[in-house]
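Next, two complexes with subunit A in common: one pairs it with subunit B, the other with subunit C.
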Partner chain A sequence: MIMGSIINYEFDWQKILSGQYLEWILQGFQISLSLMLLSSLIAVVLGVLLTFGQLSKHRVIRFISSLYIELCRNIPTLIWLLFFYYVFPELFSEPVKTMLNTNPSLNYWASIAGLSISSSGYIGEIIRGGISGVSREQVSAAHTLGHSQWEIWKYIIWPQAIRICFPPLVSRIIHNMKNSSLALALSVHEIVWATQQIESITFRGIEATIIATLFFLSINYVFSRLALLVEKSFLTDKKLINKTEKVKDVA
Partner chain B sequence: MRKGIVFIFCLITASILLTGCGTVKQESILDKVLERGVVNIGSGNNTPPMNYIDESGNWTGFDLELSDAIAERLGVKLKRVVVNNKTRISDLANGTVDMVASNLSHTRSRDEQIDYVEPAYLWTGKIAYAKKGKFKNLTDLAGKKIAVDQGSNAYIAIQQEIEKVNGAKPDIQTFQSSAECFLALKQGKVDAFTQDSVIIAGVAGKEGVEYEPIGGVYSPGLYSIGVPPNDSKWRDKISFILQDLMRDGTYDKIYDKWFGPDGKFPLQPSAKPVLPKEAFGENQLYVWPD
Partner chain C sequence: MLPDIPSLIKMFLIGPFPKGPLGGLAINIFLAVITMASGFILGLFLALGRISKNIVISRIVTCVIEITRALPLLLIVFWFYFFIPLLAGRPLPILLSAYLSLTFYSAANQAEIFRGGLMNISKGQWQVASSTGLSYYQCMIYIILPQVLRMMLPSFVGFLISLFKDTSVIYIIGIIDLTQIGIMLSQREPDKLIFSYILVAILYFIFCFILSFFAKRWEAKQLKWFK
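Coming up: the complex of A and B.
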């Protein structure tokens, strides 16, 4: 039965790999990639800022940071996207509102904003988790030995924190790259939009879906291999030992 | 590395299986439906007045009441399946549903994939809708942003219509529902919204006073019931039932409730499938003789 249905589907790659359909697919690759990279980058930057906010001495900053993190984590990404597209421009008064609403790239930037905000909360928590994973004794020992705050961060906290938070950070970024397909709800012509559009016109949904699947699979596979490479070459124990030796030298 | 390739292969196979594929029909759907005692009818739920969820949370609309009547004539229970503009064709091709009544216009490209019941039960047409006084003719929309419900054939129809008159291509923005299209129009994100006139009337509702159709109807939207391909026994059965409903006045009753002069969404001119007045007289419905 199942085998039968595979054989009975006549794959027609020619149709969707030509003309306007191919154009949509290629454009989809580009837009998806730019959504993935830009939103991940912004999310990491925001996440680092959030971490500092969480660790701040000021109670107000700490409060704002944790409020922000809760909002990021507890609201679905799609809602963030829809918020930035439909609601955000309405918060402003007339000239700005119309300017935002009539801007042809509003959907793209609303997607970037939604994706990065949604991920930044997680990333902030991941980094904070890495930092709090570094034992307090080491920090107070370094204090006792007369190291400056900067040296403690540079030689003791960061090297270990990065090692702890790197793998979850990579997973979260991959998650964010997959989330980029949500932008289709805002008519951003990314790859899943292209496949849906092709399906709704040609009804060759399977071919189009296979292309999108392979795209996500290969992009995320390459990214996670690269991340593993980075982890192995820069964040292994060997390097860490070197760093701790440096600390000894400084001491 | 080889393991990776095998893994990718497995994933592709799985995705093919999950997407579902057309199957060979050995027996007619009619026999299967009667045997099960249940007919699966696909309808959408976000296109008022054809199919939508009303204020009190009921799934209702013209398509749903028509399918109720058809299921009743078949003498089987009705199981509703939610479809949307993008899934309704593949659901039919896969056999997920036995028929689709979901503001489905009869188009050639769709007819290559599925079959249609005769006649089209609602004769409507596409209009482009914009702020009053902003545009005069459809060609004014060349180069402008136009909202389209993704999966609607308006995507192709409006471009052809505008290009025909040698205008520049419009910039089509696709949304996931007609309500989102209208919201985008209200907020000024797009210059116009194009869809079948009956859907626009339903979506715009009372807010419609600020908007108007630009030019006239530009592409016929002949709403028809879709059925899986290559099953003429089933297709005939539903066609006969639909025509029986038209003959005995059940269709008129449903039509008047929704689109009649005192209906929920009065339609002017009428969208009833009637034969030309000159040849057949007033209100002669499109029904095959015995």
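Coming up: the complex of A and C.
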């Protein structure tokens, strides 16, 4: 009986993949992609800034950055999006407020802001974790050898920190890409919005959902492959691998 | 007639509960806790399936886990919302549909946490345990799982926090959760817009902060334990 009801459903790809619906889907791909890439980029930049904030010598800056991180991590992304869309314009006085509220791409920029801010807290923590994974002795040794602060960051801390924090960073960015679907709540015309719209007009929700699913699967697959490639070709210490292999051989 | 502040706060906490369905923060907590629990059990089986020696089972389970983890929760919710009624022949109650999709999502994620723990336990333990005559299940229950749980406790708590935050998504299919109440209030009374969003954010913040505070303490304790 269950199989019967599956078979009874007739897929109608023709209808979805034509005219306005196809246009919505293609536009959805485009907007989703731009949301994902732009918000991830901003989040990484903010995350790096936050890391410096947390490592700063000034107590006030440290406090502000940890407060920011706690806010990012403990408030759902969806609430951030809604906040930037509904509350943010209210914080301004009249001319700016109307300008923001009548701007047709307010929802798009609010989603970018919300996504990147809520990810930046996590990314800041991840990068800080990578930096604190570099042993202090190396830094002091470099100091004694007469390297400048800049050289120490460039040649000693960053190369190692990036190796440590690359995998969690990638998984966080993938999470951020998945979260981009939340922009549906602000009716940004991204791919899940297209799905919903098609469902409500043609009742062909399943076909549209299949398309959105394939989109996310392929984005995920491509991105994680790329990350793996980068990690293997740039971030792996080949000498280290040879060493560990030798140790294994001996063992 | 404007409702006063205490009854507004009650609305945020439990929704229109005594008269209507349970809602507000209570439904978020309720859903997070029960889907965590059912996802925990399902996730354990998925993890065991993934590391199983039977290649067919492990391939299928790996596929299911990877696909689920690659999709946004929103799409999983839609899948259950559209697809299950097609299988069952009639629409599901939205609460059940939200429960099923969140369980599925949390099971796939917890399966990966379990797998991480299981991978970290050395083969020697299995060999020693089975040489003392324990069966696979006894070995799992008495030797391996307690260690996995202890090792992965911070990850589980971390996932509970993220699951709790993710439950805010279900307002999309029409459950009157905390987010939905915030949106409803702000639309009904535009002068309370800032108030309602700030209150929603504060309520989420307090809960997640308490949870992450405990997670950090457990982690510190555990580090001591391993030393």
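As a convention for this text, the second predicted complex is superposed on the first by the 233 of 251 C-alpha atoms of A that agree within 3 Å, B and C clash if a C-alpha of one lies under 4 Å from a C-alpha of the other, contacts with A are read in each partner's own complex, and residues count from 1 in each chain.
Heads up, the rule we're going with is that a residue touches a chain if its C-beta (ideal position, glycine included) is under 8 Å from a C-beta of that chain, and two chains touch if they have at least 3 such contacts.
Nothing here was measured: the structure is a model prediction, and the numbers come from that model.
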Item checked: Partners on subunit A (subunit B, subunit C) - clash or fit -> clash
Next item on the list: Name the contact category of A:Ser181: first (subunit B only), second (subunit C only), both, or neither.
Entry: second
Next item on the list: Considering only the touch criterion stated at the top, classify A:Ile61 as touching first (subunit B), second (subunit C), both, or neither.
Entry: neither
Note to self: I'd like to know which partner A:Pro104 touches here: subunit B for first, subunit C for second, both or neither.
What the structure shows: first
Margin query: Contacts for A:Val48 in the overlay, against subunit B (first) and subunit C (second): which applies, first, second, both or neither?
Written below: neither
Margin query: Looking at A:Asn74 after the superposition, I want to know if it touches subunit B, subunit C, both of them or none. Which is it: first, second, both, neither?
Written below: second
Margin query: Tell me the contact category for A:Thr213 with respect to subunit B and subunit C: first, second, both or neither.
Written below: both
Note to self: Per the contact definition in the header, classify A:Leu38: touching subunit B only (first), subunit C only (second), both, or neither.
What the structure shows: neither
Next item on the list: Look at A:Tyr86 in the shared chain and tell me whether it touches subunit B only, subunit C only, both, or neither; answer first, second, both or neither.
Entry: both
Notebook entry, point to check: Can A:Leu235 be said to touch subunit B (first), subunit C (second), both, or neither?
Noted result: neither
Next item on the list: State which residues of subunit A lie in both footprints, the one left by subunit B and the one left by subunit C.
Entry: 2, 5-6, 9, 86, 90, 185, 196, 199, 205-206, 209, 213, 217, 221
Item checked: Interfacial residue positions of subunit C with respect to subunit A in the complex -> 67, 70-75, 78-79, 82-83, 86-89, 161, 165-166, 168-169, 172, 179, 182-183, 186, 193-194, 197-198, 200-201, 204-205, 208-209, 212
Note to self: Considering only the defined contacts, which subunit B positions touch subunit A in the complex?
What the structure shows: 4, 8, 11-12, 15-17, 19-24, 85-86, 89-90, 93, 109-110, 112-113, 145, 150-152, 155-156, 171, 173-176, 183, 187-189
Item checked: Footprint of subunit B on subunit A - complex, ascending -> 1-2, 4-6, 8-9, 86, 89-90, 98, 101-102, 104, 106-107, 185, 187, 193, 196-197, 199-203, 205-206, 209-210, 213-214, 217, 221
Item checked: subunit A - residues contacting subunit C, complex -> 2, 5-6, 9, 70-71, 73-79, 82-83, 86-87, 90-91, 178-182, 184-185, 192, 195-196, 199, 205-206, 209, 212-213, 216-217, 220-221
